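Heads up, the next two complexes both have chain A, just with different partners, chain B and then chain C.
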Partner chain A sequence: MSSSKALVRQFLSDHFLLDAEAQRYADSDSFMARHLLDSMGFMELVAFLEEQFGIQVEDGEIVPANLDSLDAIDAFVTRKRSA
Partner chain B sequence: MTPHMAGKQSLTSDVLALDEAAEIERIAAWMRDVVPSSLRRRGVVVAMSGGIDSSCCAALAVRAFGPSRVFGLLLPERDSSAPSTALGRELVAHLGIAHAEINLTTALDALGAYRDRDAAMARAIPGYGEGWRSKIVLTGSLEGGINHFRLVAHSPDGAAHDVRLGTREYLEIVAATNHKQRLRKAMEYHYADRLHYAVIGTPNRLEYDQGFFVKNGDGAADLKPIAHLYKTQVYALARAMGLPESLCTTTPTTDTYSLAQGQDEFYFALPYAQMDLALWSHENSRSAADLAAGLHRTETQAQAIYTDIEAKRRVAQYLHATALTLR
Partner chain C sequence: MSHALLTPFFAQADAQPQRIALVIDGQRLSYATLRDRSIGFAKHLHAAGVAPGDRVALLLDNSEALVIGLLAVQAAGAVAMALHPLTRAEKLAGILQRTDAKALLTHQAFAPAWRDALARSPACFGWVEGLGHAEHNLHTWPTADELEKAVADRTMAIAMTSAEGEDALAFISHTSGTSGVPKGVMLSQRNLRWACDVVADYLGLHAEDRIGCALPLSFNYGLTHLFMALARGATLVLDRGFMFPAAVIDGWKKESVTMAPLVPTSLGMLLRHANFNAQNLPALRSVSNAAAALPAVFQEALAQRFPDMRLFSMYGQTECTRISFLPPEELAAHPRSVGRGLAGQTHWLEDEHGQRLSLGSSGQLLVCGPHVMLGYWGDAEETVRKISIDPLTNARTLRTGDLFRSELSGHLHFVARSDDIIKTRGEKVSPREVEDALLRLAGVRECAVIGIDDTLTGQAVHAFVVADPSAGLSERQVVRHCLSFLESYMAPKSVSFVDALPKTDTGKVLTRSLRAALP
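Coming up: the complex of A and B.
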C-alpha cells in the first residue's frame, strides 16, 4: 500500500468513526457505492488532501474519477504533486 | 391514473395529474378526523411564509375547520423578502383567519444567528460584513461531479464573489441560519399552547422525501397535510381552492439568505417541475433512459439525478429519526 493510501485510510477511519465492518473496504472500492462518504464527507476529504499533500484541488477536479476510491485518490495525488 | 398503470404513460407532467376537488376533500376530512381524535386539539396553527406550500396548507385547514379554528403566523426576519411577507398578509386577509405577525430579527440577533453566520462567511470571503448579501449554492452532481456548496456574495459596491465552501464554514453557516427555522417553530408551538391547537408542518413530497428541512425546525409538526403531494400538485390544489394568483405564480425560494435563492440552487438538482418528474419516475421504477427522455437530458445526467435522490434520502433518514432509546 502506498503512503497516500495509508494516510487517507487512516483519515477516513479516524474522522468518520468508521466501525470495523465499514473499514473492510478494498483500495478499489467506490466510497459512494459503499455509502462510506456523503457529499460533506467528500468535502472534508478534499480539505484533508489539500492540507496533507500540499495540493490545490480545483472545482472541476471534485469528480468521482479522482476521489471515489483509494486507488483513484492515490493516482490523483501523484498526478497533482508531479504537475 | 392509478399507480399500476403508470408504466404505460410517457413521462410528462400528466403523470402528476389528480382530481383536485377530491384530494382537497380527502385531506380536509383527514384533518377533521386526526386533529380532535389523535392529537386532541381543537384547531391548527400554521406559519405562512408567502410560499405556495404554507399557503396551500392554510387554505386546506380553513376547508377542514373553517376560518375560526385556524391561526396564522407571519414570522419575517431581517433577510425575509418584502414580497414574501406581503403575500402572507394577502393570504391572511383572503382566508379571513386570525393571525399574529412577529418580526424575529431581534431574537435572532440575540441568539447570534447573524453574527455567527457572517463570521463564517468572512472566513470564506475576507472582507465580508455589513451591507453584503449572500446565498449558498449547491453544485456538482448534474455535471458528473460530486455535490459541493459554494458561497455566492455581493459586496456593497456590487462586486460578485463566488467561492467553494469548506466544511467547517458550511456547517457554521447552516447552523446559524437554522436558528431561523427553529425559532419559527418555537413561536408556532407557543401559539399552539396558548390556543390548544395543533401545529401544521408544510413540507411537500420533495422536501419531505429528500430531507429539505431543518430537524426540530420546519421539520417539526403535529400533522403534515401535503407531505404526500408533489410540488406541481400543491400548485394545482392552491389554484383549485382559488388562492390569489400572486401566490400561485411565485417561484419557490428558501427565503433564508439575503440574496434571492431558488430551492433548486440550494438543495434540489433541478427546478421543481423537473424534480417532481424525477422523483415520480424514481418512485415508479422508471429507467434512467425514460427519465432522460422526459427531461430532455442525457441518460448519464438522468442516472446522476437518481443517484442524488438516493443519496439525499440517506441523509434524510437522520432528519426524520426520532431519538434513539434502549429497550
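Coming up: the complex of A and C.
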C-alpha cells in the first residue's frame, strides 16, 4: 500500500470533513461517482498534491484518468515524481 | 395530443430523425432515439401508476437517464421535480413528503440520500439506475431495448395532455428561500415554453448550434437549454460539471460547441486553463452568464481570449425563468447592465410604498408576463407575497425582491437583494436553512449565518456560533455537521465562535454588527 494513497485519503477526510459513511470508499472508487468532491474540491486536491508531492500539475493533466480515484492519483503522482 | 414543450421536439424528430439531439458520456443519441426512449419510459411510468399531474422527483447527475427521465415525466403528463445532485437525505425526504411525490427517478450512487428518504415516504416508489435487482417499491432502470419495446407496444398508452393544456403544471423547481424550507416554484408548460422561445430567439439559437451545458439540469438555467435545443433541432452536449475543465474544453473542441451557458465560477475555472481560447475553440461563438454578476476582470479576460465572442449578460429568477438580457452589441456602452428586459414582458421599478418609479430611479423590480410562475407549491401565503394576479386579464406579476437601478435608456443595473439569501458559486444559500442545521448540533446554543465577499465564489458562507463551552466544539466539527445535512456549497467556509450575538431590543440579530466585527 503506497503512502501516497494513505496521505491523500487522510487529506480528503480532513479537508472535506467526510463523515464515516463517506470515508468508506475503495481505492478504485470514482470520486465523481461517489460525489466525494465537487469542482472546487478537485481544484483543492490539485493544490494539495502539488504542495505535498512537489509536483507541477499541468492544465491538461486535470482529468479523471489522473485524479478521479486513489489508484489514479497514486499512479499519476508516481509518474510525475519519476519524470 | 399536444404538449407545449414536447410537440416541437417531436416535430423535429419527425423531420430529422437521425439528427443528433444529445451527446453525453461518449454516447450520441439521435432525435428519434431520444423521442422513442422517452415515450417508452413514459409508458413504464404509466404502467406503474404514475398519472397526469402526479409529482415525480429526479435525483440524477446530468446523464442520459436524467434527460430521458425529464422528457418521460412530461410525456406522462406528470410534474417533474429535478433536484440538485448534492441534495441530502433529510431535504429529499421533506420534498417527497411535501409534494406527496408518486415516484423518484435516481441512481444507485445516491443511495445514502434516497434509501432514507423513500423509507419515510412509503407511497413513493423509485426507479434506480444501477440497481441490480428490483426490491419492494424499487424498479431497476429499463434497458434501451425494454424502452424501445414499450414504444412499439400499442396496449400501453401515454396521456401527455390534460384538460388544462398548456396551463398544466409541468415542473416544480425547488429553490432556497429565507424561511429555511425550500420553496417549490410551480411552472406550467406555457411558463417554460414561453421563456425558452424568447431566450432561444435572443440567443439566435438555430438547428446548427451545439450547446455545451455543464450546468446541472436541476437548475432552470440548464433545463431551458435542453428544451430550447430540442425545439430548434440543435444538439445538446452535456457534461456532468466543471470538475475537470480540461476535459470539458476538449469535449467542446471535439464536438464543435457553438454556445455555452455559464456562471461566474465556471467561467473563472475555464479561464485558468490556457487552452480556453479562440484558436483552440474556433466554433464557440457565444456564452451567456447568469446567477451572479460577472466580475469585470472575467469579462476582460474572456474578451482577450475570444476577440469575436458574443457575451450575453443575463438576469432572472427561478420564479419566472428569465427577466432580462443584454444584447452583446450593447456591452461596450453598458458594461455592468443586465439589459432592458425581454420582448413580450413588462417590468418596472417600485419604491417601498409600491409606487411605480420613473426611469433613472432605484427600487424593487417587478415583472409581468406569461413566464411568471403559477405559485409556490403548498404555500399560499408566500405565493400571495410574491405574485399578484390581475382580476381582469389574469396576468401574473412577480415581485422579484431585488433592487435595481434603471438608466434613462431603460438599462437595468442590479443593486442588491432585499432578502438575506447568500449567492455562492451561483447557488442560493438560505442563512436560515444553515442556521437550522447548526442548531441541531449538540453544543450550539445560538448561531447566525452571513455571506462575506469572496473573489472566487462571489460570496462565502460564514457562521457565528455561540457554543456551550463544555461541548468543546471545533470549526471542523461544525462544518462537518453541516455537510451531513446540507448540499456542500451551503456549508460554512469559515466559523467564528463568539460569546454572544449582538441583538436589537426585540431580539433580532444585528448581522451588520457581526459583519463589522470580522477581521
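Going forward, the second predicted complex is superposed on the first by the 83 of 83 C-alpha atoms of A that agree within 3 Å, B and C clash if a C-alpha of one lies under 4 Å from a C-alpha of the other, contacts with A are read in each partner's own complex, and residues count from 1 in each chain.
Rule of thumb we're sticking to: a residue touches a chain if its C-beta (ideal position, glycine included) is under 8 Å from a C-beta of that chain, and two chains touch if they have at least 3 such contacts.
The shown structure was predicted, so the numbers you read here are calculated from the model rather than taken from an experiment.
Under the clash rule set out above, the superposition-derived model of chain A with chain B and chain C contains a clash between the two partners. In the superposition on chain A, A:53 makes contact with neither chain B nor chain C. When the two complexes are overlaid on their common chain A, residue A:19 makes contact with chain C while staying clear of chain B. In the superposition on chain A, A:64 makes contact with both chain B and chain C.
Touching more residues of chain A than its counterpart among chain B and chain C is C.
Legend: residue contacts after superposition of the two complexes on their common chain; A:38 is shown touching both chain B and chain C. Of the two partner chains placed around the shared chain by superposition, neither chain B nor chain C is touched by A:11. For the superposition on chain A, the stretches of chain C under consideration are 96-104, 258-266 or 492-500; the one running into chain B is 258-266. Overlap of the chain B and chain C interfaces on chain A comprises residues 32, 35, 38-40, 42-43, 59-60, 62-64, 67.
Residue ranges of chain B in contact with chain A, taken from their complex: 140-141, 144-149, 164-167, 170-171, 307, 311, 314-315. Contact residues of chain A toward chain C in the complex are 14, 16-19, 21, 32-35, 37-43, 59-64, 67. Taken together, the chain A residues at the contact with chain B in this complex read 32, 35, 38-40, 42-44, 46-47, 59-60, 62-64, 67-68. Put simply, chain C touches chain A in their complex at residues 85-86, 109-110, 112, 240-247, 265-266, 269, 272-275, 425, 457, 476, 479-480, 483-484, 488-489.
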